[in-house]
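Take a look at these structures.
What follows is chain A paired twice: with chain B in the first complex and chain C in the second.
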Partner chain A sequence: MIAQLLVLTNIVGLLLITPIIDGIERKIKARLQCRRGPPILQTWYDLLKLFRRPSIVTEEYSLPYIISPYIVFANIIFALALLPSITRVSLSFYGDIIVLTYLIASSSIFIAIGSISSGSVFATIGANREISIATLSKLLIALVLASFAILKGSLTLEKLFPIMPPYTISAILAIVLFAILAYIESYKLPFDIPEAEPEIIDGILVEYSGKSLGVLKYSMYLKRVLLFTMLIDLVLPRNLPPIISSLAYIVSLIFVSILFVTIETYFGRLRIDQALKFMKTLIPILLVVIVIAYFHI
Partner chain B sequence: MPTSIYEVLELMRKYGRIEKIHKDTYIVEVKADKVKDICSILHWKLGGHFSVTVGSDERLINGYFAIYHVFLLDEQKISIIVHTKANPAVPKIPSITPIIPGANWHEREAHDFFGIVFENHPNLERLILPYDWPEKVYPLRKDVSIEELRFKILKPETVKAKAKPEEEYIVPIGPYHPALHEPEYFELYVEGERIVDAKYKGFHVHRGIEKVAEERLTINQIPFIAERICGICGYTHNVAYCQAVEYAANIDVPLRAKYIRSILLEIERIHSHLLWFGVLFHLLGFDTGFMMTWLVREKIMDLAEILTGNRKNYGMNLVGGVRRDINEGKIKLSLETLDHVEYKLRNILSKMLKLKEIMSRTKEIGLLSREEARKLSVVGPVARASGISTDVRKYHPYAAYGELEFKVPVYDAGDVYSRVLVRYDEIFESISMLKQLLKNIPKGDLMAENVEVPEYRKGLGLTEAPRGENIHLVITGRENKVYRWRPRAPSYNNVPSTLVMLKGENLADAPAIIASIDPCFSCTDHVVVVDVKRGTRRTLRLKEISRGRAR
Partner chain C sequence: MELLIPAALLLLGGTVSSVFKGRLGNYISSFFSTISSLIICYFSLNVLFFNKVFEERLILAPVYVKLVSPISLPINLSLLHVKMDSLSAFFCLILGVVGFASSIYGFSYVNRYFKKEHLGFYGLNYAFFLCFMYLVLIIYDVFWFIIFWELMTVTSQFLVSYEKEKIAARKAAYKYFCMVKAGSEAIIVSALIIIIILSGMETSFDIVKTCTEKLLAENPILANALLAMLFIGFSVKASLVPFHTWLPDAHPEAPSNVSALLSGVMIKTAVYMFFRLFYFFFKPTIYWGYIVATIGTVTLFTGTMYAILQTDSKRLLAFHSVGQMGYIVLALGASMVLYSMKGEVYAILASAAFAASLYHALNHAMFKSLLFLTAGSVIYRTGLRNLNVLGGLARLMPVTAISALIASLSISGIPPFNGFVSKWLIYSSTIPSFTLLTIYGVIALFISAVTAASFVKYFTTLFTKPSALELKGVKEVPIVMLFSQIFLGVICITLGIYPVLPLTIISPVSKLLFPLGDVLSYVKVLPGIALLKVGFVSINSPLIIAVSLTLISSITAALLPHRIKEFSVWSCGVSFRKYLMNMPADSYFKPFEESFKELYLTGKFLHKVFVEDFIKRYLLSAKVLARGTENFVVMLTVFALIAFLILLFLV
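== the complex of A and B ==
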């Protein structure tokens, strides 16, 4: 019972702080661009405003367009429950690593299906791009999770964290690769191709408004935090006292998001073929990592 | 081939009567059957380029319709206007579009407004007038008044959209697309991410400036409406108009006024180019660059405000001179600001242009070969990036440019990156020119003393706007009015070239390609509200487009 409550605390806590994390990112980004930037709570204000508004739908939508934001949201919440975050407790069962991979992949797929069902040409192109990137990045994420599983000899997430010790080359490489993938997956520049504003007017998001846009945006922020959490879990030592571990988690969350947003400031957007080319070069590296992980190097 | 002015003029004399209308500008009156020959010689053999076609209803003066094809000969530093008369009952003139494809829009515009038929024109459809405009009503003819147009002839109609399924996806960009905040409409036909065809429909916002100016405004009111043709480079239009009238009336503008005009023109160029850099960076997703270039641009805007009292729409010109002086304190302040801006730009901009993403998203993209550029007669930085050295400031000096030292940057690659580099170099050339101007500005009057404007004289005003050459043809009229005023903005010549650049490129590159010519649609649309496409082509209503729905 206590474990369930702690998992609930995790999720509620993350729901509360995720928009603040995004607010901090916006502030940092603005400062780096010589702007003053919005207040840190701005993302919360935006979301609350969107939740109050009705959703306007297109004339030729079909069902997935309406429900997919909520499916994506549910997916992400479930995935968050699988990872230890604010408290170091999580839902844990044999094979949850596979469930996590599935949840991350299905959230992308539902975003794409939802926007295709809106009937807009810009959304279709956005979805097309989303799927092109997702097919590669999900494969890469599956591979990187496989290398973690091999390193630790387990398919349960709880036994994976933290990945070190053992301090092997493969472990370090796998963490670095996961960090890169987390960066790509969180639609940071230069990889925000599916929602490129000047090219296809926010692509996948173009036909969403009001509540459904709010839910979709919220899930995207949560997905970002999910990936950051995973990255932190891989590194954060396990046997810290409860309060300190919560604090350490939140501090590292802010640190990772600031790091990522700082990198983002120095990039323009890649074209989709350039992005795919970059991601393809990661595949052989990952395969090598898996092999050396198997031999405990 | 003849190279000196004398030889060129001798050659022209074979075709018709030649007359010097003012400094470096000659008008050749030819018979309709010789128009094609003389235009082909001027554009393809003498190294000149086609600049503008102006239609005119001169039935009140001499009983004919007139067409003026203007050519600029950079090598000889002269402009030649080919003048043809057309019978007022059945106005027909051979088209020059088959020889010079760049004349396409110009001739269609003259057809729209004056009903002059261009024989053998490949596509003499309506360009500017909306499809529901009544037949046989030609708005710029002198026998149609604004009141008649507004209250009798035009009756708004609603039209049902007819959607037709297409094989490829059509990506409509516009009329209001977040990437280009101006009313333009590109239709991109894409397969996957690749553009297979592109179509452009512009002229959504016709303001009827020409008609208003000819019918209602006096000569000294027009500079202010001319400045409002463009929201970015309006002052070049203002100067071009004033120069045209000054040439026509043979008014001698004091040197100090010329210097002040040049100073403001260059300030406007720097602000326009920096604005463009910001937009380009934003389109490529590089918002840091966007913010930083605009931060520097703000200094230039402040400078304009210090010198003229306004950030935009300086309102400095009258026919014969300028209205406000620049004192020593302002000159000192300007020089300091320029040093600061130059230092900042050398630091920021040069580093940004070396970024890998910027390079990979602009190099070898949106190619326009030298031949295509010549055919379409593109101007300004677009031409200079395709290896054509053309610059009105250098080859047809006006204001104080004859006394300055500067280079004309030319690049041969013809891609988006070359256009970036041309503008990058131009910013620093402009800064150096500004320093020369501010240091050497002579003492003297601001206005010419005698500003009498005689009637029915022609004047050709040229300026190098940030986007390319700006050309205004003015025929002065009676009672302190102009008889005919035709402003031609550089984007008018440059926009057709985007259709060549877009074919075969990636959809993701389309905004950067369209932006690379620095299009100014409000300049180009100097003239109607069009919301629908004609004929067999699919019809899209504004409401549909704004929702991005195109199937």
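== the complex of A and C ==
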């Protein structure tokens, strides 16, 4: 029962923290661009405003357009329950890492189906880009996952975290590559192709408004935090005392988001084919990582 | 006698229906098919749940014996030995369920051919096709097996070319028939070798099994050669790469409910024979395991990567049949590899892979036939298969749209649906094996994302994206067609949420065939997932908690009050013209396809070299040969040679 409560604490805590993390990111980004930037709680204000607004739906819509934001939200919450975050407890079972990848992929799929169902052609283009990136990144995630499995001999997240020791080249490489993947999957700037504002007017989000938009945005922030959490869990030592580990987690969450947003500020958007080409170059590297992990290098 | 009742009913129904040219021909055949599918389900459930074994040795009619016996053929042709053990029963259950759904669907669907085609001819072939599939699954005799196998091919071939005015249909049926026939030659030759040389003219499966076991010990080279021939022969039917090229042509051309049967059941008969071959007649070895798993991986990769390119609704589904067969065969091969590796962990992984193969065969039958039925419903109302012009049907045909969504999510393996559990078993048995299978598992995981992508395309272009045509008078399909869609949809969800059901019916199969025994003892089954008993489970029922959390959070979000207003789609200020502002299915995932350009070019090259050029050369040499054999002397020599060979055998 205690474990369940701790998992609940994780999720509630992350639900509260996530918009603040995004607020910090916006602040940092503004400072790097010599602006003052909005207050840290601005994302929370935005979300609350969206939740209060009425939704405007299109005349062409069909059912998935209405329900998919909630399914995406549910997927992300489910995925959050699988990772140890604020408390170091999670729902863990054999092969949960595969379920995690499936949940991430299925959130992309539902975003795509929902936005195409709005009937807007911009949303269709955005969804196409989303799926193209999500599909290729699933290959990369699968390869990273295989290298983790070989490194630690398990498919259970509990046993994967932290990935080091063993302090091997392959372990370090696997973590670095996962960080790159997390960056791509969180649609940070060179890769924010599905929701490109100037090109396809926010792509997948173009026809969403009010509460649906709020839920979708909230789930996107949560997905970002989910990927950061996974990255942190791979590195953070396991046997810390409870309070310190929670603090360490939150500090490193802020650190990762600041790091990523700093990188983001220095890039413009890539074209979709450039992004896919970049992702393709990671495939041989990952294969090499798998091979050297197999030989414990 | 009771085991042959469905077959007799089907033969009767088919024969009677062939008399009527109009709707009655369809109704009679569909009625008999529905009834006998239910009886087949009843038998197989009896076998699987109550451990009954139905066995039947039927002496055929005395007249027939008199006709045969004067020549005194060595094989006992007059004995029909049928037996439904748990492996047969498992596949018979698939046949029964899919046959039931597609027969009911056919009541209404086939009437669209009224006045264009002879409906009695459909009725005859449909009932006979079902009958021969059933007989192939329950026959316990090599000789009769070959006969029924050929008859199954012939009747299904007539169904593929049912719309005889269409050149594409005739071509596809011809290609299908030639390829499958070529494959079955390999089967016939190796079966003849077994019958004549080894088993002393005894053809019962049991006796053949003892012979092959003896052969494996005495002459492993011959045994493996026979196994290879049989494997190639059956893999043409199973449409494994490189023998898959008939399937994407043939399956779309048949009437949609027949496509459901072809994809759902007929190619599974080859899987049934794979299980018989590798676990019943021969012993699973690591080499064969790797060969089978490699072929499976190549198949799933090729099939699905080509499926994502398609813009024809049924052709897309047909390519996915190739891909999903790859999953089934990969799991089969993995189970053989892992079984051959010693150790407790590998035993668990092996039985998970074994269960996954059968589970995925069951799941694929359900969701693929549902998908073909929904594609058929779209054809029924619009007459179109082209994804480029279709669209917006979710508002006009809501139930069909929801069934298609369920099936699409199932085949993509999204968590609460059935495809997820079986695919999950495949990954969790292959990836942690630390062999070549790890890479295969990774490829399978990637391909499931490609599957999902192509079903986003399938679903959205058919149902949710605005249509490029004005679809007038399109409404929901008749109630019988809806019934079979809902029926299969409910099965898809049930098999996903309660994996204990399919695993309970897999467990007698594993008790019969699998050397490690009952798979259920290696797997911990929970709602929505089946966990391997490796490592530990930290919280007793993790998924229930996760799902309840998820449901609570999303429902509260959904229930927060808000108003909804309707407004037109944003189109940059100009008036929204939905027939013009449209993204055709051709342009879906273009960047993704272009990033795999090299792959498709290689495929094109291989197709040119091995299929087109080969066929060209074959036809040319056949022409030369035909000219040559018209010569009287050549004909005489050939006859003499054949006679000599026959004499040689008889002596």
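We adopt the following convention: the second predicted complex is superposed on the first by the 297 of 297 C-alpha atoms of A that agree within 3 Å, B and C clash if a C-alpha of one lies under 4 Å from a C-alpha of the other, contacts with A are read in each partner's own complex, and residues count from 1 in each chain.
Here is the rule we go by: contacts are C-beta pairs under 8 Å (C-beta built on N, C-alpha and C of every residue); 3 or more make two chains touch, one makes a residue touch a chain.
These numbers were taken from a predicted model, which means no experiment stands behind them.
Trainee: Should A:189 be classified as contacting the first partner (chain B), the second (chain C), both, or neither?
Mentor: After superposition on chain A, A:189 lies in contact with chain B alone.
Trainee: If you stack the two complexes on chain A, which partner ends up touching A:250: first (chain B), second (chain C), both, or neither?
Mentor: A:250: touches no partner chain.
Trainee: Between chain B and chain C, whom does A:134 touch in the aligned arrangement: first, second, both, or neither?
Mentor: After superposing on A, A:134 lies in contact with chain C but is clear of chain B.
Trainee: Scan A:112 for contacts with chain B and chain C and give back first, second, both or neither.
Mentor: The answer is second: A:112 touches chain C but not chain B.
Trainee: Touch test for A:270: chain B only (first), chain C only (second), both, or neither?
Mentor: first
Trainee: When the two structures are overlaid on chain A, which partner does A:145 contact: first (chain B), second (chain C), both, or neither?
Mentor: A:145: touches chain C, not chain B.
Trainee: Residues of chain A touched: more by chain B or chain C?
Mentor: Of chain B and chain C, the partner in contact with more residues of chain A is C.
Trainee: For A:20, select first, second, both or neither according to whether it touches chain B, chain C, the two together, or no partner.
Mentor: neither
Trainee: Quick check on the superposed pair: does A:35 touch chain B, chain C, both, or neither? Answer first, second, both or neither.
Mentor: First partner only.
Trainee: Overlap the chain B and chain C contact sets on chain A and report the shared residues.
Mentor: After superposing on chain A, chain A residues 58-60, 119-122, 124-125, 128-129, 201, 206-207, 272-273 contact both chain B and chain C.
Trainee: Across the complex, what residues on chain A touch chain B?
Mentor: Listed in rising order, the residues are 32-35, 58-60, 119-125, 128-129, 189-190, 192-193, 196-201, 206-207, 265-274.
Trainee: Quick one: in the complex, what on chain B touches chain A?
Mentor: Residues 169-172, 177-179, 190, 192-193, 281-289, 291-292, 295, 355, 357-358, 360-361, 506-511, 547-551 of chain B touch chain A in their complex.
Trainee: Residues of chain A touching chain C in their complex?
Mentor: 3-4, 7-8, 11, 51-60, 62-65, 67, 70-71, 73-75, 77-78, 81-82, 90-96, 98-99, 101-103, 105-106, 109, 112-113, 116-122, 124-125, 127-129, 131-132, 134-136, 138-139, 142-143, 145-146, 149-150, 153-156, 158-159, 201, 206-207, 210-211, 215, 272-273, 276-277, 280, 290, 294
Trainee: Which stretch or stretches of chain C touch chain A in the complex?
Mentor: Residue list for chain C touching chain A: 392, 394-395, 398, 401-402, 405, 412-415, 420, 424, 427-428, 431-432, 434, 438-439, 441-443, 445-446, 448-450, 452-453, 456, 459-460, 463-466, 529, 531-532, 534-539, 542-543, 545-547, 549-551, 553-555, 557-558, 560, 562-572, 578, 581-583, 587-592, 594-595.
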